[in-house]
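Chain lettering (A, B, C, D and E) follows the sequence in which the chains are written, and residue indices restart at 1 in each chain.
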Amino acid sequence: MTGFLIILVSSIFVNNFVLARFLGLCPFMGVSKKIDTAIGMGAAVTFVMAVAAMVTWVIQYFILAKFGIEYLQTIAFILVIASLVQLVEMVIQKTSPVLYQSLGIFLPLITTNCAVLGLAVLNIQVGYSFLESVIFAIGAALGFTLAMVLMAGIRERVDLGPVPKCFQGLPIAFLTAGLMSLAFMGFAGLVKG
Amino acid sequence: MELKTFKGGLHPPDNKAWSEKKAIEVCPLAEGDELVVLLSQHIGAPAEACVKKGDTVKKGQLIATPKGFVSVPIHAPTSGEVVAVEPRLGTAGTRVPAVVIKADGQDAWDDSLAGADPDTLTPQEIKDRIRDAGIVGMGGATFPTHVKLSPPEDKKIDYLILNGVECEPYLTADHRLMIEEPENIIEGILIIKKVLGVEKAIIGIEANKPDAIDLMTKACAGRGIEVGALKVQYPQGAEKQLIYALTGREVPSGGLPMDCGCVVQNVGTAAAINDAVRRGIPLIERIATVSGSAVAEPKNLRIKIGQPLSKLVEYCGGVKGDLGKVIQGGPMMGMAAVSLDIPATRGTSGVLLFSEGQVLKEPEGPCVRCGNCVRACPAFILPTEIAFRTRKGLIDEAEKLNAMDCIECGSCTYICPARIPLIQSLRQAKGAIIAKRRKV
Amino acid sequence: MDKTLYISSSPHVHEGGTTAKAMRDVIYALLPCVVLWIYSFGVVQPFIVMLLAIAGCMASEAAWEKVRGLPITIGDGSAAMTGILLALNMPPNSPWWMALLGGVAAIVIGKQVFGGLGYNPFNPALIGRTVLLISFPVQMTTWMMPRTHEITSATPLSEVKMAVGLTGAIPEELQAQLGSVLFGGFGGQLGVLSGFALLAGGCYLIYRKVITWHIPVSFIGSALVLSTIFWLVNSSKYPSPVFHLFTGGLMLGAFFMATDWVTTPITPKGMLIFGAGCGILTILIRLFGGYPEGVAFSILLMNSATPVIDRLTVPKKFGLVTQKG
Amino acid sequence: MNPVSELKRGIWTENAVLKLGLGLCPALATSSSVENGIGMGVAATFVLICSNVVISAMRKIIPSKVRIPAFIVIIASFVTVVDLVMAGFLPDLHKALGIFIPLIVVNCIILGRAEAYASKNAVLSSAVDGIVMGIGFTVALVAIASVREILGNGSFFGINILGSGFIPMLLMILPPGAFLAIAFLLAGMNQVSAEK
Amino acid sequence: MIGAVLSLGGIGFLAAVILGFASKKFAVEVDPKEEAILNALPGANCGACGYPGCSGYAKAVASGQVDPSLCTPGGKAVVEKIAQIMGVEAVVADPMVAVVCCQGDNEKAKDKYKYLGVQDCITAQMLAGGPKDCPGGCLGLGTCVAACPFGAIEITPQGLAVIDREKCTGCKKCVSVCPRKVIKMTPKSATVHVLCNSHDKGPMVKSYCKIGCIGCQLCKRTSPEVYEVENFLASVKYDTYDAEQAIAGMEKCPTKCIRDFAAGYPEGSTFKS
């Protein structure tokens, strides 16, 4: 049980996907302008990541490893993830047009969200069990969401202020992310995981 | 004694000592003086002139008739000749319709005016008399009184609350009225009680007027009227805050006092009601405080509606030093006037003259989020957050942050260390929200 | 009456406070602590560090505003205040260039890039300190003993962290020694003396209505409660709450940095949440994290959560209570 | 097609990282040293060129409905090639870049160029596009990495250049430093563009 | 090798089947025209068309009920493109630009009072009807500047809003925010305009402004085709606009409140004609 907790805490705070591992920066920068959208995106990513972790784990150990074709990992994983995202996109578009509208073009972005593929690859590299993979996925996604929501809050405020012209847009967003990353350094060593 | 009050607000230095000991004096009117009677001196539809240039009028004669339910008639403040019916510079700094009367110096009453014994009248008859006398809220808001006294049948009124708080700094008109004419007020209260059919009436008075509290308590004893002493706190005179302070009830957001079983009337209104019902005198005079650092001798005056502010100031010894700003009403909620030439209205509870040095000219700085405005706000909203969203045009977000609940008391702006005119942006937000709602 | 009058929106009177006055109050409140700090660590060097940190802040603020063609705002005292706080967060024996660099970092990336005073999401002084701490861990952890001025890397918090890391418990002799922290027995620590100086400053600020009690009380309170729980569970591994209170920057943080107007919530409820978050994170980082001291990080972390807290604690507007009876 | 203006387009006007904000993850993650930056840049450039060529060649065969999955498969194949080659010949670099080699697949630049350019243009121009965009990416990486390595380690390409007296700012080679470096780089570019 | 092909193919096949099934089950109709139109629009989301942003307009046009020529910022090119998508003939309107009909800056027009407060025309207007004595004059606090999505408006050092005729796209944003309604839409081809917005009588105008229209009718008498005077304010009849006649009338104006933008912008402006 403590093992799972460590994975969870580690992936949310200590090795935050965005702020410490640089995974999923594109959607992080793109969708963190409003708190509400950030929460929606976070939810979508959490769902996709959890499912992707399960599916890729199964594929890795039951197909790729069986046939000794681990070198096809990248191709197989990205194929699965791409299909999965498209599926989620279709489901959301049908069931919740409001959510679809607010997430807009960012749903397809989850495909090219390196956080998802990165997570799948990391799971295999570290050698997590099936359950651990899922926990790790949820933790990573929660960490991603946390960072994105906090970031969105700050950006809502910063955008109301007189940021120097050359810093407006991406630069100030990166700077804010950098300072958040600085703050998150405080979690370093919180758990050895 | 534990003094009641409300949550939030603040306590600005009241500066009442300048005029609180001065008995009310009548501001004189000479033959040939021009009185500019504006046709829109109340909230609601403006009245329509029923006299024309060249007519002679008597004091108290009807000169403009109301249009619609939320509107009141207007009467001649003195006898004389109507010299013009045309737009004149009004309180808001713009030209608005007015009737100009040249006083004949006789100040002769219209003979047709007659009083009645309220005990012999039905509530509806009393209300009609109140309307016909043009009575509006005398605290400064000038909302037609007969409308306030006509709650829908399904709203049960438990409390009549009398506003003797006068929480605005400098102003002492209500204070003097309570000391000098307590009977007039109490008679008025009894009339209102009859109209509304309520049992309980409370007069709220702040602790900085101990003489008024003593006097009113004695005078009210045994007549079914209570006196509630209140801690000195601004804006206690705001309806919702006063109701909360005296009864602990909260007026629902977006609602009216009657939604929590209360009706609030100013003490000055009560006196005016008594005059109107018993003596048949319409609302043509009021008490106003003339004060401030740029007036030679601060005083409390009984003024005629339509007298130019410059006349009042003249009677108080004129302008002293370098005049910078003229305010109608109190310094917290009053409106700055563009000139001393504008006429007094039914809402002129005070005229304050500020010297040039007293004008707040500090440029606004950035908001440092100190939270003073949040703690001072008696409506529990976030003034700074709303103001800056409004400035960025984010009206929807401002609405979501309850901008409409702002009562424009000015506490946030008074306390803001960055000197941001928050309330100006809040007013803009409210205006924009109302405009938007109308469109939809 | 030919004179053109002034017109502005009501109210036409003002309480009289200004941002600059409040900043000056904060600086006054810090003075006892500053004097004590400079005196205890050998006067000359800490004085230089303090001066250079302030100079770094004020010079970079003035330079930035000059380049951008904005009005120079160093007169409002906020840059000076940042400098003082930054210096108090550094070892008094820091090299001169570090103080200067910290000041520049604090003002430039902590404040001015966001548009200057009022718009920075993070506390500038802590940004300066943390940038230095992460960049120059050796210099930032070389401390000086008060009175003897002996150079040491042993702050009580790092001693405890190291001992617990090695053996899983605080050894007896260290345990016995920990009490001396209250009287300045460790590197960089002034103990109770500075504690009272800070408390007095904090009370002055509350009296002057520059800050409210919410954040200091919930910060210190939650830190004490949490550390007491751990201490009661295992006092050989976790030091006592009193120790936590008087070590590191807890008091300084609670009274002077977690109460920074700009970077903390504006509602009283939000302030309580903010303070509690700071306290809890501080103790967690101190006991379990990689860094021995967690005050700076915890405040920065809560700074980043401030907008979200503000959003969640929008007060219930007047009149939302349903009427009874 | 003018090679100079094309190059300018890749490096400056349409620089994927610094102007369009694409491919940020590897740009930050692998720019702690110039060596890593160049390694990443070259690897991505290789994939970019190859995939551009192949996609351009097959652009008439692939039905538009399934084009994105098809592109991804093509890209993934080349990434796998790069992965295996690097693991074989440059094991240290391979280790340093870690999971960011397989993650080239999801680098927005590559898919973006495939979608925006290669699928609409001839093979040769697509190849050129791949080259200039790849160079732009590499240049951006080197720029970020230079700042970080010089300030954070006192060296450039592993060679100590600032002398032993220099105390490096460790922050710059840690994650926050990456964000700060790119923020100031972007702001500087905005300033230069605005002044032009 | 066979294993590799089979497994990868299998994964691909399975994914394709699921997706194919899902695309049927969760199909949502999106009009391809709508997307095409959205791509053709400039994306300024300025609202000149009267719809909430470009996507709202795209939807409306795609439904076929709305005229494709409402996008003023896009100009002729966009209208033609949309018309092509919709398969209808393009009707391109004469481009309109906004003009600030006032020249009464701080030096030429008198103030009613000294304004202290938020530097915004709408809020200033709420206080005693705005600090300018003239009821229609430009307040110069820059609300239109902030509203303009194209950076086409500036405030001169003397405190007067001026609109660049080249940068203006005719989106009407400034017209809608101006509390004094001093900004008017005019055909771009016409360069001579009456720059006054006061309907007060001549002596009144003279009392507060050195450059306001006094309703003297001289322009109308010179060029009755181009000028009309209504309610003491002259205006240009754009339907029968003729440059030569307009200039002839302009030269007769005693207060110089008529200006030919082809000959220069109001004084203090950095815009070049």
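In the analysis below, a contact is a pair of C-beta atoms (placed from the backbone, for glycine too) under 8 Å apart; a residue touches a chain by one contact, two chains touch by 3 or more.
Because the structure is predicted, anything quoted here is derived from the model rather than measured.
The fewest steps needed to get from chain C to chain D, moving only between touching chains, is 1.
Distance between Cα centroids is largest for the pairing of chain E with C. In this assembly, the chain whose C-alpha centre lies farthest from chain D is B.
Among the inter-chain contacts, the highest number of C-beta pairs connects B-C.
Centroids of chain B and chain E (each the mean of its C-alpha atoms) stand 43 Å apart. For this pair, chain A with chain C, the centres built from the Cα atoms lie 33 Å apart. Centre-to-centre, using mean CA coordinates, chain A is 60 Å away from chain B. One inter-chain figure worth recording: chain A and chain D are separated by 21 Å, centre to centre, where each centre is the mean of the chain's CA atoms. Taken residue by residue, chain A touches two or more other chains at 72, 75, 79, 82-83, 160, 164, 167, 172, 175, 178-179, 182, 185, whereas all remaining positions touch fewer. Along chain E, residues 12, 112-113, 116-118, 123, 127-128 each make contact with two or more other chains.
With touch defined as above, residues shared between interfaces to two or more other chains in chain C number as follows: 5-9, 109, 113, 115-116, 118-119, 131, 134, 310.
Contact residues on chain C toward chain D in their complex (touch as defined above): 109, 113, 131, 134-137, 139. Interface of chain D with chain A (complex): residues 21-22, 24-26, 28-29, 68-69, 72-73, 76-77, 79-80, 83-84, 99, 102-103, 105-108, 111, 171, 174-180, 182-184, 186-188, 190-191, 194. Contact residues of chain E toward chain B in the complex are 112-113, 116-118, 120, 122-123, 126-129, 135, 147. Of all the residues in chain E, the ones that touch chain A in their complex are 3-4, 6-8, 10-12, 15-16, 18-19, 22-23, 25-28. Interface residues of chain B, counted against chain A in their complex, comprise 388-389, 392.
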